[in-house]
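One structure, pasted below without further comment.
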Amino acid sequence: MKHIDIEITAESGLELLTNDEIARLSEHSKDGDHELFKKCVLAVLNSTQVTDEISYHKEQLKNFDVDVVPLNKGVKLKIKNAPTTALVDGFMIQGLKEQVFSVLRDIVFLKQELESNSRIDFNSSNGCTNAIFHILRNAKALRSGTDPNMVVCWGGHAIPEFEYQYTKEVGYRLGLRGFDIITGCGIGAMKGPMKGALIGHSKQRINNARYVGITEPGIIAAESPNPIVNELIVMPDIEKRLEAFVRLGHGFVVFPGGVGTAEEILYILGILLHPDNADTPFPLIFTGPKESAAYFEHIDRFIGDTLGQKAQSKYQIIIDDPVSVARAIQKGIAEVRQYRKEVHDAYHFNWQLEILWDFQEEFIPTHENMSKLNLSADQPLHLLAANLRKAFSGIVSGNVKEQGIQEVSKHGPYQITGDTHIMDQLDALLESFVTQKRMKLNAENYVPCYRVNSASMASKTS
Amino acid sequence: MKHIDIEITAESGLELLTNDEIARLSEHSKDGDHELFKKCVLAVLNSTQVTDEISYHKEQLKNFDVDVVPLNKGVKLKIKNAPTTALVDGFMIQGLKEQVFSVLRDIVFLKQELESNSRIDFNSSNGCTNAIFHILRNAKALRSGTDPNMVVCWGGHAIPEFEYQYTKEVGYRLGLRGFDIITGCGIGAMKGPMKGALIGHSKQRINNARYVGITEPGIIAAESPNPIVNELIVMPDIEKRLEAFVRLGHGFVVFPGGVGTAEEILYILGILLHPDNADTPFPLIFTGPKESAAYFEHIDRFIGDTLGQKAQSKYQIIIDDPVSVARAIQKGIAEVRQYRKEVHDAYHFNWQLEILWDFQEEFIPTHENMSKLNLSADQPLHLLAANLRKAFSGIVSGNVKEQGIQEVSKHGPYQITGDTHIMDQLDALLESFVTQKRMKLNAENYVPCYRVNSASMASKTS
Amino acid sequence: MKHIDIEITAESGLELLTNDEIARLSEHSKDGDHELFKKCVLAVLNSTQVTDEISYHKEQLKNFDVDVVPLNKGVKLKIKNAPTTALVDGFMIQGLKEQVFSVLRDIVFLKQELESNSRIDFNSSNGCTNAIFHILRNAKALRSGTDPNMVVCWGGHAIPEFEYQYTKEVGYRLGLRGFDIITGCGIGAMKGPMKGALIGHSKQRINNARYVGITEPGIIAAESPNPIVNELIVMPDIEKRLEAFVRLGHGFVVFPGGVGTAEEILYILGILLHPDNADTPFPLIFTGPKESAAYFEHIDRFIGDTLGQKAQSKYQIIIDDPVSVARAIQKGIAEVRQYRKEVHDAYHFNWQLEILWDFQEEFIPTHENMSKLNLSADQPLHLLAANLRKAFSGIVSGNVKEQGIQEVSKHGPYQITGDTHIMDQLDALLESFVTQKRMKLNAENYVPCYRVNSASMASKTS
Amino acid sequence: MKHIDIEITAESGLELLTNDEIARLSEHSKDGDHELFKKCVLAVLNSTQVTDEISYHKEQLKNFDVDVVPLNKGVKLKIKNAPTTALVDGFMIQGLKEQVFSVLRDIVFLKQELESNSRIDFNSSNGCTNAIFHILRNAKALRSGTDPNMVVCWGGHAIPEFEYQYTKEVGYRLGLRGFDIITGCGIGAMKGPMKGALIGHSKQRINNARYVGITEPGIIAAESPNPIVNELIVMPDIEKRLEAFVRLGHGFVVFPGGVGTAEEILYILGILLHPDNADTPFPLIFTGPKESAAYFEHIDRFIGDTLGQKAQSKYQIIIDDPVSVARAIQKGIAEVRQYRKEVHDAYHFNWQLEILWDFQEEFIPTHENMSKLNLSADQPLHLLAANLRKAFSGIVSGNVKEQGIQEVSKHGPYQITGDTHIMDQLDALLESFVTQKRMKLNAENYVPCYRVNSASMASKTS
């Protein structure tokens, strides 16, 4: 791969900065967050590449650099050793240029702006929701006066080809019906729905469709946003990212995935089970091709056995029928519109939804935190869901995140303890993931990073 | 496949008709051209289908019907037994709806409007060019005040996958550079460049790109326009269609194909060899993947041996290098722009190009017409090219068009006679097409529909 | 006044012409219609001038000239001795440039295009209506898909200041309610409503409002279109112009004027009295400041006495109350919308309205034609109205049109003969116009160009 | 005048607020700034009224009220006893509605937002400039990527009709050349240029022109913004308002006025005389009809005698020639563009201009502050100009501002002391204002609110 030096000037709302803002931006991009910023920009520029090899990326990083140059009339980025695939005849591809400045906006500019604002904080539930609103508004992702039409698609990153094709087909059917798409902005189930929708929109002559990618710094650097994404938003961490999905979207489709997808499912069920949200319409569809029916069977059984029928009533499972998925979403979103109209809620942000601090605070999966999780049936369902969500989050980390892997190699597998009944179900579900090879990419012989103990056992062993 | 009855109201400029125009339209669509109109509409509605089976299409036609219903405020189409694949939840897909009304506009409305205009005729060279301009203007395909950026892509309909992928790649590189695409609007080399360009445009955030498909009634009915086409134009016959390409386009790319592609190549070389066109810049690139290099080698040798170096100087062959193709087109179109500016010619229509009546008149490949073709070296090069073009046109007909096939089965192969030297080259080229299996789709044992005779032999046999 | 030579290139849809069209245009502008074209262009260019002196205009005409220069890419106008007031720093004011090309379009281009079209003629009632539609469509004055909102304002050219202020005030109230304005495009009651509406639109932040001026060649040359007009349309004669108003408009306001305004009133009443139009909603308001109440009293009395209560029921008189006028129009147009929706008529053109050939044929006011007018009560009301319309039309001509004035000076006043009762009313009305000084501009001692005879007298004198 | 209760929902960027922002907005509008907010809203709603009687306004205020009602999806204003002239058929005129929300944005919302931002302050020179940028950006008044074309027009509020007509004529010539207009947004020389430009823009078919009004709370409440203003901005005080003009505008025209206009002139001369601004192009034209030539003669003489030729070289005086004014501005702005391009300064904000804290700090004209002004020649010219500016500012206050009038009635006239030479000139200039009746509206016998003492006299009397 060849590399080249290039300069680009500001887009994405960064054209209008005060001299002070520019100075702070330039400074800030030089210290603390410089490494993070660099990684993210390189991730964006690599997005036309097919490769996924992180080591290659690391090699590139050594020679790669980005400098924020203050101008009187805005900012300029000086990029050293940009991959030439990001350019056409010496000019950066417009879509990539916009994504690069979205990264600058969210990671560097916004961060320090939020810091200077005494009224914004991430330390309370209300503050957190407000901050998310600020970030989305600053990214111009909120559009007042538009009817609800945003569909969030969740699902696995590394999925087999037939599942990928299925996500494309569902996206196509959504696009034909005029829906915009929001995903986590990587490949797999995050790319398929966008690609399908692109074709559907094109056939319907919709040429201002939105393909929103919401990511987080930790992931964007390792995983390039796909280039269809025409609105890139970087949220600080997974909890804020999940809330952004939930407040911004109007309909939700979940495709098969691994433990991460299970985390997303538990997250949203935990919220929907909160008594205050009992009557809020929230279209939630689990879907996959018929070959993947088993995945949702296991999930559904696990939910039924741990959270009960009430939780199961919150979603609908549709197997191998993209048209029905699109129609169910259409019907659901019509109800969302009707409801928000009645309660005078905004279409552009779901203020009504009650989200507890438990779902917003960053969960750090240390061994201690994991072992202290309360997984007993003796608590409100939405809190049990919240704790199960954390358990899955920890396993994701132990499987694929640098920090988690280190912890596990040092202290052995996480100990997860809870009511026997719940633990049995959890064990079975995780086992099914192992069998379906959904635990880890290319893991022939998966060694679990966790151990599931029933509470009685736990008390005995202690 | 399921079918359904549906009504749609006018688009594509047919919203504003006088009552008389509507009445004539409705009447006219009922007689003479009703069958043709029906076939074309069905072709459009089938375009989301994968099938290419004509027999199936014929079966469908029996139950299918379209009625033009006059309204005070425009026209409505009543469609009986439309394939349900053309609809989404009871509404016709917007792109198809526009294409259906483009067909109505060009086949029914325009035809009778042209008839009523005493100043438009297809019976002279000048009249022909003017009529083409009228059709394009009426279709809003001419845009004044826009820089030249239209690239015509020619090539085979039924090509192997690796050639199709190559046409997509070239289209992608053209799209990244902001070029619009014109093709014959079917599949193969007519779809690939559009599909590639769609992605290129999307990455560059170009959302008003043009994908122009120029077809003719005989072909649209058999071959559905691909749904990316957002401007569909129906020209009366192949000669007018070729002229429309040449007057509308600014750059030209030829991919591998069969005898039809050879016809297109001879057509354009014949025009460029006319002395009046000697200095007109006209970017013309022949290109294909490396596996297809032989195709253009044979073509190039044939041209060199029959029309000489001057003809060879009119094009550039680029093998297996999409980026270079796009750059060559970019450079060539910049010269076109410069030239038209200097001579004060329009950007939207190539008035300068001299096109003789020989290239405009419809050639009907009867055995008599074929045998009378003057294929001797003893004539200006551009006329020899014109006659060779007709020879290829006849072979296309004998291979795949209903009328030609019938003729050949009745009277035996066409007799093509000319100078020994030229006939040898022709024979060799055709032979190479047979060997490369480019003569006919799925033809294991191709039986030639022609016999090539050198002039001396011919005189002997007679 | 200073003059300068200038060249301008095409606008208003003339950018896209075939070489033949350009050639014909250039030729045609040189013969037959050259003088007319010249006069009209000069009228447009003079429109920023305050003067109204025709003699000055004639003086200018001697040195003034316009040439249509054919280009490969459109047309260029070479203007000799253009008044410098039409330019800003060497460039023609955009609004004037557009109006100049509207004149070229309607007077030169369209005329010969219509001639070449065997399906368009002005010699039948239906043909006439179709031709008007063609002219309006070609001028892009028809907009499908837009709700009815066009208000036609009729009234005097040379009116006192307080009447002018009143027309502005009504225009302002219409503009505040989002209505577009159509007038005859000169000064007085034709300018006031546009000027008022401009301010109303500006306050409502409507920046795409339409100010349509419909004129005829005879009048545009003598009377410059006001520069607010952003769509200028030139109809062939007064009858076609009146029909264009009536088919295009949705609401109608009549301000005080002279005999010309009386002609307009009789024209529309004649149409509305036709039995086929009995149920067609047609908002028609007569209005003026309180000082002008007498004008409409006389008109109303005349209508009551000659055409009866049925005719009087077709309009509403509102004195000195601009807000009520605007509200009445608003209410009326809502009914028009409702009605057209029910009968599936277009919003952009009133096809439903029956207009007899009597109202469409050009009436030439010779002494013979005037004396033969049937003004007896013994005929359907709508025909009596048609004939009264012609009587007024003749008087307008005898008062101010060159041809009419010559006729009268040669043969003495027109003889108008009819039933005693009707003639008495006519005499009284005309007398009131004389008293109110509405007969002629600056005419201290008006000498009538007509004599009114009752039928019995007429038979005696003959 | 009639009044009515009405509710309106948010515009001007206030559609997208967090719940917290809405709550603070609603609260804040209830305390501290409620009275101010009320006054300003009433001023806007009265702007279609002709009256200028403050007492009437005060009477209205008693019954008038505005409530900010928080909604989940934005804000709503409940207005009690709005003048009915602000409504059309029950709906508020769009232009007024936008202005009302501009007031809410700048006075209530922005104020408390700025307070919460630790990086914005008005207590340093740099902070002040940054804050002004923030306010303008928040009002969307900064447009990147647009060529310089904003012309600031200064001049008297209460001017004779012939001067008003002249300002209209200049505005018309600026509008014909495509310039946007910025004024103080009241009547007189602040309305005339906008009204003239509106017509010029309309003739040039420019339909997105900007009419920016920059006001301050103290003045908007007493003086309604004219309704042509389509961007209303409220700056905190006169110093910030003057800086906003100077940073936002590209060309400057000064019409005749009174002491206030003299204040503006001294302000800008003081800035331009700063050594750092010596080479910054800054088109500054003083202009008026020939009847007003004396005004600028006196001003020019005063400047020459006190600040010298260098100051005189900063402006150009053009008498009775609107076209020349427009051309001079055009030429000057071309130089501004060229210069900013060269030094890479923004087009949308004049960052380059050095403005000292002396020109930014609020000057409160107490007797002490006025008497302590340093008006000796023994200081840099730009500081002398700054102090003279303050002297004029004080006289404006003593003449027409409530606070100043009270002070003067309590303590007698302000004592202004300085070098004899300068004091003589000042006395002569003020005397000429008295003679020309420019001191105060409707003041037959003006009693000066100041006494001018030469420094020597001053020392004697003390």
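Order as written gives the chain letters A, B, C and D; numbering starts at 1 within each chain.
Everything that follows uses one rule, which is that contacts are C-beta pairs under 8 Å (C-beta built on N, C-alpha and C of every residue); 3 or more make two chains touch, one makes a residue touch a chain.
None of these values were measured; they are calculated from a predicted model.
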If we look at chain A and chain D, which chains touch each of them?
none
Among all chains, whose Cα centre is located farthest from the one for chain D?
B
Could you state the distance in Å from the CA-based centre of chain B to that of chain D?
65
Per the C-alpha centroid definition, the whole-Å distance linking chain C and chain D comes out as 47
Name the residues of chain D that each touch 2 or more other chains.
none
Residues on chain A engaged by chain D in the complex (per definition of touch)
15-16, 18-20, 71-74, 116-119, 126, 129-130, 133-134, 137, 142, 144-145, 343-348, 351-352
Applying the document's contact rule, which stretches of chain C touch chain D when the two form their complex?
48, 88-89, 93-96, 98, 176-177, 198, 202-208, 227-228, 230, 327, 330
